[in-house]
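Here come two complexes built around chain A, the first alongside chain B, the second alongside chain C.
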Partner chain A sequence: MSETQIDRSFSAFTKHLRQTEISLPADLIAQSLDELNGKSFPTTRIEAWKYTRLTKLSKLSPTFAVQHEGVNSASFAIHSTGNRVVLENGALHLNTTQFEAVNGLSIKRFSECSTEELQHIGSLLTLENEPFNALNTAFLQEGIFIQIDDNAQIDAPIELIHLLSKVECAATIRVFIHVGKFAKAALTMGTWSAGADKSILNAVSEIHVSEGAHFTLRKLQSEEEGNFQICTEEIEQKKDSVFTMHTVTLNGTLVRNNVRVRVNGTNCETNLYGAYLLKGNQHADNHTVIDHMMPHCLSNELYKGVIDEQATAVFNGKVFVRKDAQKINAFQSNGNVLMTDTASVNSKPELEIYADDVKCSHGSTTGQLDEEAVFYLQSRGISERSARNLLVEAFIGEVLDKNNNQDFTNKTNAILNARFGWER
Partner chain B sequence: MITIKNLHASIDGKEILKGLNLEVPAGQVHAIMGPNGAGKSTLASVLAGREDYEVTDGTVDFDGVDLLELSTEDRAREGMFLAFQYPVEIPGVSNVNFLRTALNEIREYKGQEAISAKDFMAMVREKSAIVELDAKLASRAVNEGFSGGEKKRNEIFQMAMLEPKLAILDETDSGLDIDALRIVANGVNKLRSEKNATIVITHYQRLLDYIVPDVVHVLYNGRIVKSGPKELALELEEKGYDWIKAEQEAK
Partner chain C sequence: MGYTENELAKDLENQEYKFGFVTNIESDKAPKGLNEGIIRFISAKKEEPEWLLDFRLKAFALWKEMTEPEWAHVHYEKPDFQDITYYSAPKQTKKYESWDDVDPEMKETMAKLGISMEEQQRLTGVAVDFVMDSVSVATSFKSKLAELGIVFCSFSEAVKEHPELVRKYMGTVVPMTDNFYAALNSAVFTDGSFCYIPSGVRCPMELSTYFRINEGGTGQFERTLVVADQGAYVSYLEGCTAPQRDENQLHAAVVELIALDDAEIKYSTVQNWYPGDKEGKGGIYNFVTKRGLCERNAKISWTQVETGSAVTWKYPSCVLKGDNSIGEFYSVAVTNNYQQADTGTKMIHLGKNTKSTIISKGISAGKSQNSYRGLVQIHKNADNARNFSQCDSLLMTDECGAHTFPYIECKNSSAKIEHEATTSKIGEDQIFYCLQRGISEEKAISLIVNGYCKEVLNQLPMEFAVEAQKLLAISLEGSVG
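Moving on to the complex of A and B:
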């Protein structure tokens, strides 16, 4: 069969998938099905997918694999204590899920939510021309609802483990998080695979950060090569809130991160930090949007990547400052080091500013390691390999060190050590 | 310590060193002077193993080892040290982290155990005092935001830490004020011993008032054309290099 005869429609892609059994609002399901009906996978002619080819993914017809393959999913845990939700191939893995009663924290499945609670699902999510959001709605397997009460400070870790363990399977998961007023909490999300191939994780998180709340999301993405991941976070911040996100991408054939923060309140702080270390034939694509809708806010965005062998990366960072959003300080920076001639990156910072009293900056750099620095280190007795590692670590360390959670750092370092031979 | 015979080296097909001979025994300091473009920095680069240069002929015996067969890092591990004319800034890599890595790789090469953190820090304190380098600079990123004088002092600090058999100072004096020059020179003098040797490459005689050489060589047109006692440096300072050039052309 020639390439052109392959059906790249969503109907072919979803032919083995079941429509969701979760009682989401009916209009959302209808709209999502409508979005997918008769549609094909986005091609590189679509701006949002210009540098990310979905061809390989579109050829798949994954199934939902509910049975567990006896993988020790707890071994992927970043934290040893606290609340842990394990989702294997999109299904809740009850044996390794651990709940620890914490005052002010409630974690439950969508199937356990009231109709009233379910009405909030999807309120932040754009469906139009967003086929993966539509897929995540119409074919949703499991939803996790996390509520942090007003004024609660949750110190115990909350961790979500996404694990793919079968061949050509799909996992569609929604996480809904409501952080109450003046509450403080953090969520760790790890994406892993064990024995999976040609499988895809489609995870959407909707995060509401209320007035005066502080919330941190830490993502560690380390699925084995051969697997796909489309990860979407939609965040809304209310006034005086702080939202911080760390995205560390270390493996996976195709990883697409869509992050959109609506800063819908004054005096907010938004921090987006991303690190991607790629090799082999990996491809990582970070699309971020920070939408400053209200005045007197600060946003910091720092993404850095080290791209080795034939790997490719994309960074697209949009910052909007709306007309009445005065006194905004918005900083964005993307830096890349290409370790080989065959590695590549497409970096596109975009600022759209409609207010006139703002301080915004953006910068994008791409280069090789400084060979003079390599020689300098070698001339002191350091091997070429160690010299390059020292320089790469120093480069990526700037963003990795923004994370202040020791468990997360330890796990990141352990993978870096195993995968790249680094000792940090 | 080092014996260079008939060394020829070129860059981009252009021959810079044209049959250089030089012998520096242990316990001695030799100065190499010469006009711009004579090949002074090329010699330093070739000895340190910079890959841009191609050695087309000659031999370099470094304390019984064929130097030209070694990689840059192995030359350092065998005890060669080059103080850079332009020390490189390395953001994000701390001086101490870098030096501990270097020290331990050298020790590993020699089959020695890694240095303990405690011993290492004691060594940093002791050696940074030799060049009056603020302990804060030792923990900062390598050369980042250092003044010209601080960079050169940092070079000598590294030399003190690594305890080389042969140190090559490539125009370490350039751009230094008299105070910085004195500090750097004092550092070098404190590190002199019967077991090591130093090659001082310079344009200016003034450095040699502080680091007194046993022999002064004149490098011209890719070769050592004249060697003499320290007074030769004064003569060069006074008369310039034209008489050397004239002498050479007369040959």
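Moving on to the complex of A and C:
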């Protein structure tokens, strides 16, 4: 069958899905449906999807899972204590979800939110030409509303577990986070699967970081091969705030991360760190946008990847500096190591700058391990395999070490050990 | 008081185009518009063989199916392709036997451009193939080159004299299907330059061609083909200046370079088409397809100084097909007022041990937008490929923009690719340092800008370096020089 004969439309993809029952603003739903109506999956002719083929995904017609599979979702937890929300196949898993009352923190479902609170949903999200955002709005299964009060400092971990456990099922989840003024908090998000195949996770997070607040998002992506995930994070920062994000991608057939940070305040700091270790037929695509709308801000972006076997990686980082957003320091760096001749990488670090008093730089490297370094280690009695692992660890460690949460590091190391045989 | 950056910006804005003048030479024009008839008219006018007409018509058929590309970071009013005169030739029909026969008015034009032929013939030893509105009117040093077996002539002459060479190589690097403007050029190209260096010959002089759009509303569709046979070497120069015009003129050239085994081509260009006035009115649209093909051990080096054009869309590229081949790209792009440039390069690594270097320097002033767009592609079999890219941008005012869009695609694990880019304005500390050493602010800015571009300017051949500096000065100077 030729390409043109395959029905790649969203209507075919969504035929088994039902429209959202959450009372989101009506115009939002209408606009989303409008955006999907008659549209097909983006092809590689669309710039944003130039290096990511959605053919396999577009052939699916997933369903929403009605019941849970009895998987021990607690085993995927990164933190043993604190608040934990488990979403299995897009539905809240009440048995394993644990709420601990913490002052200044409230976590609730969208269905428990007031109309006034629901009005804020979708305010950061672009629907136009973003079919997966539209899909997430019109076919939303579950929404989690997290409110961190002004001046609150939340030390207990907050964890979201996205788990896929069915064959050809869809999970569409929205997370709305409001970090109050001068508050400080961190959220851990893990994406996992158990026995799932051809399933897709479509998760959108909207994060409002208010004046003077500090917020850290840690993401660990480790779905089994055969599954897809499209993760979108839309962040808005107000003045004097700090937003930090760690994305660690370790498994999954197709992982696409869309991160857009709107730095809409002066004196902000934005840190985006990403590590991807890929093998098999994995494809990981990191799209990031840092939009500097106001002056006197700093942004750091560091993404590093190791690509083994037939895996492919994509990095597309964009730094926008708007007119009048003077005194911006923006640094972006992407490094890749290709382990085999069948692995490939596509890197596109972009700068779009409309203000003159700025210091912006980006760098991108692609290469392999230094044979001389491998030889040196071997001459010291270290096996070639260990030598290579050591060098790869040193390379990727630069990003992994940016994370300062021990639980997160332990979990990452455990997976790295199981998957790549590394002892960190 | 010292010369401040604001004053510089003001000066830059007020800087009028120094080469804006119009030569009144009657020309032989085709009616406006584009259809098969016009193509047949051009072909007949140029007394072309059947195969070339077929080539044109095929390209035209393809072009009609294509849509204008919109991905570039430029905004402009699209040209009306039916409102362009596709053929215009100076009226004198007879070919000049000697320099004295040349129309005096035309000589004066050349003198204004600072490329007085007498001077050049006598002093510099540069053979100049001067193209004025599509028909080349004078070629010098031809006999000297002929002794070595070098063919350097206008494209239409080459079609008549060396059809086998033209037929063999034309369209092999930039096929007519390549893009919208390449297809258009393939259909309606009027003239250009052709150069063939035979096997093992090192061309003893720099070859140069001057292009100049003259007739109002005349699009120029030049075609350049440079072939360096095995082991040959040539340094080819091209420079452009255009007179002041209010309506937008379209320039859609195609340049093909072919470096066979062990050959080397150095292609340098200084481009100074009319950029429009300080309100952004008028100016040339420069939509050019330039590409070179490197066979085994061959080397192609592109050097460009881009100061003109209202809209530039230009990516001189290298296809590194042969093992051990080398591609280089050195560029300075200056934009001022409302100019927009989207320029860069493509390095396609196909062979083993291929190397490429990209040095791009962008300077934005006024309200201009300057983008670097580059592709480094390492294919599966390109073992040990090496690329180094550096693209820096300098911002002169707070209303201009500098953008970088590099595409890096790697499918081979033994490749080493490095890309780095910085964007900044002239450091206040640098200016301060110069000031406290007794260097005026104006001179300091000039010094810094010159130093910033030096890496690229150094690559230009001697004969061109002077002109390049002049042009840089004209577009950016005000009083910076």
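As a working rule, the second predicted complex is superposed on the first by the 420 of 424 C-alpha atoms of A that agree within 3 Å, B and C clash if a C-alpha of one lies under 4 Å from a C-alpha of the other, contacts with A are read in each partner's own complex, and residues count from 1 in each chain.
Convention: contacts are C-beta pairs under 8 Å (C-beta built on N, C-alpha and C of every residue); 3 or more make two chains touch, one makes a residue touch a chain.
All of these numbers come straight from a predicted model, not from anything done at the bench.
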Clash or fit (per the criteria above) of chain B with chain C on chain A: fit
Partner chain(s) touched by A:Asn271 [first = chain B, second = chain C, both, neither]: neither
Partner chain(s) touched by A:Ser106 [first = chain B, second = chain C, both, neither]: neither
First, second, both or neither for A:Leu351, with chain B first and chain C second: second
Which partner reaches more residues of chain A (counting touched residues only), chain B or chain C: C
Contacts of A:Thr409 with chain B and chain C, given as first, second, both or neither: neither
Touched partner set for A:Gln31, first chain B, second chain C, both or neither: neither
Which superposed partner A:Thr366 touches (first chain B, second chain C, both, neither): second
Chain B versus chain C as contact partner of A:Ser40, first or second or both or neither: neither
Which superposed partner A:Asp341 touches (first chain B, second chain C, both, neither): second
After superposition on chain A, the shortest CA separation from chain B to chain C (Å): 15
Intersection of chain A interface sets (partners chain B, chain C): none
Touch list for chain A against partner chain C, complex: 47, 51, 323-324, 326, 336, 338-341, 343-368
Of chain A, residues touching chain B in the complex: 370, 372-373, 375-384, 386-387, 390-391, 393-395, 397-398
Chain A-facing residues of chain C, complex: 71, 73, 378, 380, 393, 395-425
In the complex with chain A, residue positions of chain B that touch it: 48-51, 71-73, 75-77, 81-82, 84, 87-88, 90-93, 97-99, 101-103, 105-106, 109, 141, 158, 162
